[in-house]
Structure formats: structure tokens, C-alpha cells
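Both of the next two complexes hold chain A, though its partner changes from chain B to chain C.
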Partner chain A sequence: MVEWTEQERNIITSIFSNLDYDDVGPKALCRCLIVYPWTQRYFASFGNLYNADAIKTNPNIQTHGTRVLHGLDRAVKNMDNIKGTYAELSVLHSEKLHVDPDNFKLLADCLTIVIAAKMGSGFTPEMQATFQKFLAVVVSALGRQYH
Partner chain B sequence: MVKWTEEERCIIRGVWGKVDIDEVGAQLWARALIVYPWIERYFGTFGDTFTTTAILNNPKLAALGKIVLAALDTAVKNMDNVKGAFASLSRVHYEKIKVDPEHFRLLAECITISIACKLKAELSPQVLSTWQKFLSAVVEAMSSQYK
Partner chain C sequence: MSLSGKDKTVVKAFWDKVSPKTAEMGGEALVRMLTAYPQTKTYFSHWSDLGPDSAQVKKHGATIMGAIGDAVSKIDDLTGSLSKLSELHAFKLRVDPANFRILAHNIILVLAMYFPNDFTPEVHVSVDKFLQNLALALSERYR
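The block that comes next holds the complex of A and B.
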């Protein structure tokens, strides 16, 4: 089971409490779709994704990006049992959405870049290390129910 | 061989032009060692790299960071033949320093995060996409002499 120090918990809750989920979520998802275009195939029903501007202004992407961040919020509030918290979500992504679990890491990387760009020099190496540890646990939990 | 459009060349030079080698170089290895502590094993001769404070204040790490970015400058100036430009550097890292090529990718990530902290919104998804293409070419060139 993942162990968290008091400092790591504080870093994670502090990063998330300063985030506007409606802003950061869509930005991370857009970035993922633009930088790793093959991920667009999961969003075929979302309408126009043919270029960066279309992606950035697509209302379905906006909504979904916000939803992803609220999903992460659940992990922040249940850091000692992210695996359990995400069990159903993992089943959904495996059996219904058929998402390649490698792609969870890509979205996680994009979120890290968005946070870094937002926090600037405030995103110290220690904060990056803790944030990436948190995202690694999330990614692992999401891939857990795949078989 | 990697092909670059005129737009991509401009983007890469644009990003690189905004990077202060002294500023980013000094912090680069600190970020890498704190986020990926296992790479400490390459730095046995660098003195104290055992605590965050020591890492952040280690002059040898700061100097090496600037050397790495100076090499990246060579890649920016030789985009059409990064592999050739880095052939002997790759050989040294393989034969003499014995670096796991996966670690080139980790350092590249840290470079991107440092740049994201500095450039913030200027590192748009499209710019990031091009920058990561460039760094992939560099990582590949660094791995090219490995057997």
C-alpha cells in the first residue's frame, strides 16, 4: 500500500486547493489531445476535434476535462485508498471505454505541465516529486482492474 | 532522419531563445535527482547529494546542468543532424559513463517541466508538442550508439 508522509499530504492538498478545476481540467485534456493526437480516437462522439482551435473551444472537451479533475479530487480526499476509490472507474475505462492504460500516463504528464506552467517557480522539485508520486498512484489504480 | 517544417524550426528556436542556460542549468539536475532519486548512482564523485538541501546547493550539479544545456544548444543549431552531432557524446555515455538510456528521457522531462515553469502559458499545447518532438530526437540521438 502506498505510504504518504504528512508533508506529501500537505503538498497534494495545497496544490489542488489552489486549482480552478474548470480551467486546469480542460487545459490538461486539450493538451493531451493536441500533443498525443492518437488519444482523440476516444472522443469521436465529441464533435469537431480537427485542429487545435477546435479542440480548445469544444464544449464537450471542456465538460469532460472538468469531470476528470473532479475525479482526481476524489483521489485527493482518499489518498490512503486510491485503489479502492477508483476500482469502479478502472472497470469502466477497461470494459466500456477500452482506454489503453498507457494513455493514463500521457494525460497525467499533460496535467503536470499545466500545473508547472501555472505555479511557475513555485513548482519546486520537491512538489514535482510528490505530485508525480500521487499521479503515478492514480495511474496505477486506474489500470488495476484491467485484464 | 527527422524532418522539420519551417514552423517547427521557428518554434524550437523561439522556446530555446527564452531559456536562460545559467538559470535553468543550475536547477536542472536538482530537479532530476529529487524527482528520480535513483539516478544519484551516477554522481558518486559529486560530493554531497544525499539531502534536498545538499542537492540544491551542489556546485558540481549546477555546473553539469549548464554543460547539458550547452549541448542542447548544439542540437538546436544542428536540428537536421542531431544524431551525427551527438554520436561521440552518445558513445561516451554508453561506454564510459554507462548511463541507462531510459534516464535520458527522464532528464528530458525535467528540462520540459523547468521550461514550463518559466514560460508558463507561452508553452502552449502546439509549442509543447513541437518541443517534445525535438527532445525525442535528442534522446534518440543520445541512445544511437548503444548496442
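The block that comes next holds the complex of A and C.
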């Protein structure tokens, strides 16, 4: 069972309540696809991903980035049972989407970097530690149902 | 994933731009590494203060960034130019090379924090590759 202090819970809810999902989501996904190009393998049906500009302006990536970020809302609302909350999504990513779970960490890192870029020094080392702990739990939950 | 000509150009140009802030960013990156990845503190048990305000930590972060800046200027031969530092890390410090990736992540995060408009995804990928190659050169003498 993951333990969360009162402070950690506050940090997570605060970060997400001040988040512009339509901006941060697509930015994080774009950055992941550009910095780790092998992740593009999962988006073959999305159209033109041939270069950084194409990725940044691709409307499917925009939509999907926002969706993925909203997917984290469930974890924010159920911090004491992230594993259970994501059981179904884990099965989906394993059985239907066939995503290598190592990729979850890559996207998580990109999301952290995009949020750091947005918040600047407001994203303190302590907030970074808490946010990364949160994402590590999410990543672990998403990989849980793979077999 | 070796460095292309374009990667080298991008890294050099970006480092030129950020060089006035590298000492400060280095300190910030090391503070964040020790805070977000507490297992890395095991390498600094000889320091009295490992907190976010530690002068020792900030100074050491600046030293590390200085060495990285030096590596940028010798980007065409990272293995050769880092040979002495590799020996230091291999035989004296014995830092598990997995930690190089952890520090690289924190350096990248701080670069994005300080230069959000310049640290585009295109710059990010070249810098990520550079730090990966640097880590490889640093672990060259390990075994």
C-alpha cells in the first residue's frame, strides 16, 4: 500500500487543479514522440508524424495528449487505490494496445519536464519529488496487469 | 544512438546560450536529484548538509556543470577527453552508472525550467543524446 502524507496529497491536488490540460497534455505527448521516436510505433494510425513540426501540429496527437492527461484525474481522485483504479486501463494497454510498459516511464518523465517548464521555480524540489512519486505509482499500476 | 552533426551543432548553440546560468542550474539539478532520488545521497555521506540550501551541494553542482560544459567543447571526442574523469568515477568514487541517467534527468528538467522557450523538443532530444553519450564515456573505464 502506498502511503501519502497530507502534504503530498495537497501538492498533487494543487498541481492538477492549476493545470491547463489542453496545453500540457499535448505538449507532453509531443515531447515524448520527438525525444523518444520509437514511441511513435503506437500511433501509426494518427497520420503524419514524419518530423517534429508535423507531430506538434497533428490534431490527433493534440486530442490524445489531452485525453491521456485527463486519464490521470482518476488517480488524483483515488490516491489510496491507484492500483485498483487502473486495473482495467492496464489490461487495455497490455491486451489491446500492446504498449511496452517501459514507455510509461518515458511519458511520465516528459510530463514532469513540461510541468517544470511551465511552473518554473514554482515547481520546487519537494513538489518534484512528490509528483515523481505519484507518477511512479501510476506507471506501476498501468504495468500491473501485464502477463 | 551516437551524436549526429546536427546534434553537436544544436548542443553547442544551446550551451552557449545557457552558459551564464550553468553554475546556478548545476546546483539546482544536484539539489533536485538528492531530494527526488534520496538513494543518491549515499554517495555524499561525507557532507554535513544535503538539504536544498546546502552550499556544498550547490558548489558541487556547479563543478559538475562546468565539466559538462567542457565536454561540450570537446564533443567530438568524449571518450578521450573524459578519460581521467572516468578513471575517477570508476576507481575512486565507484558511482553506479545507473545514477548518471538520474542526474541527466534532473539536469534536463532544470534546463526546461530556466529556458522553457529555448529547450524545445528538438533541442531536448539532442541534449538527451549528448548526456547519454557523456554517461557512456564516463563509464568507459569501469570494467
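The definition used in the following text is that the second predicted complex is superposed on the first by the 147 of 147 C-alpha atoms of A that agree within 3 Å, B and C clash if a C-alpha of one lies under 4 Å from a C-alpha of the other, contacts with A are read in each partner's own complex, and residues count from 1 in each chain.
The rule is simple: a residue touches a chain if its C-beta (ideal position, glycine included) is under 8 Å from a C-beta of that chain, and two chains touch if they have at least 3 such contacts.
It should be emphasised that the depicted structure is a prediction, and the values quoted were computed from it without experimental measurement.
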- Task: Quick one: on chain A, after the overlay, do chain B and chain C clash, or do they fit? Just give me the call.
- Result: clash
- Message: Between chain B and chain C, whom does A:Ala52 touch in the aligned arrangement: first, second, both, or neither?
- Response: both
- Query: With the two structures laid over each other on chain A, which partner does A:Cys30 touch: chain B (first), chain C (second), both, or neither?
  - Reply: both
- Message: Looking at A:Lys118 after the superposition, I want to know if it touches chain B, chain C, both of them or none. Which is it: first, second, both, neither?
- Response: both
- Message: With both complexes overlaid on chain A, does A:Val2 touch chain B (first), chain C (second), both or neither?
- Response: neither
- Message: So in the superposed three-chain picture, is A:Ala129 touching just chain B, just chain C, both, or none of them (first/second/both/neither)?
- Response: both
- Which chain A residues contact chain B in one complex and chain C in the other? 30-31, 34-35, 52, 56, 109, 112-113, 116-121, 123, 125-126, 128-129, 132
- Message: Considering only the defined contacts, which chain A positions touch chain C in the complex?
- Response: 30-31, 34-35, 37, 52, 56, 109, 112-114, 116-121, 123, 125-126, 128-129, 132
- Message: Looking at the complex, which residues from chain A come into contact with chain B?
- Response: 30-31, 34-35, 52, 56, 109, 112-113, 116-121, 123, 125-126, 128-129, 132
- Counting only contacts in the complex, chain B reaches chain A at residues 27, 30-31, 33-35, 52, 55-56, 109, 112-113, 116-121, 123, 125-126, 128-129, 132
- Task: Going by the contact rule at the top, pick out the chain C residues touching chain A in the complex.
- Result: 31-32, 35-36, 52, 105, 108-110, 112-114, 116, 119-122, 124-125, 128
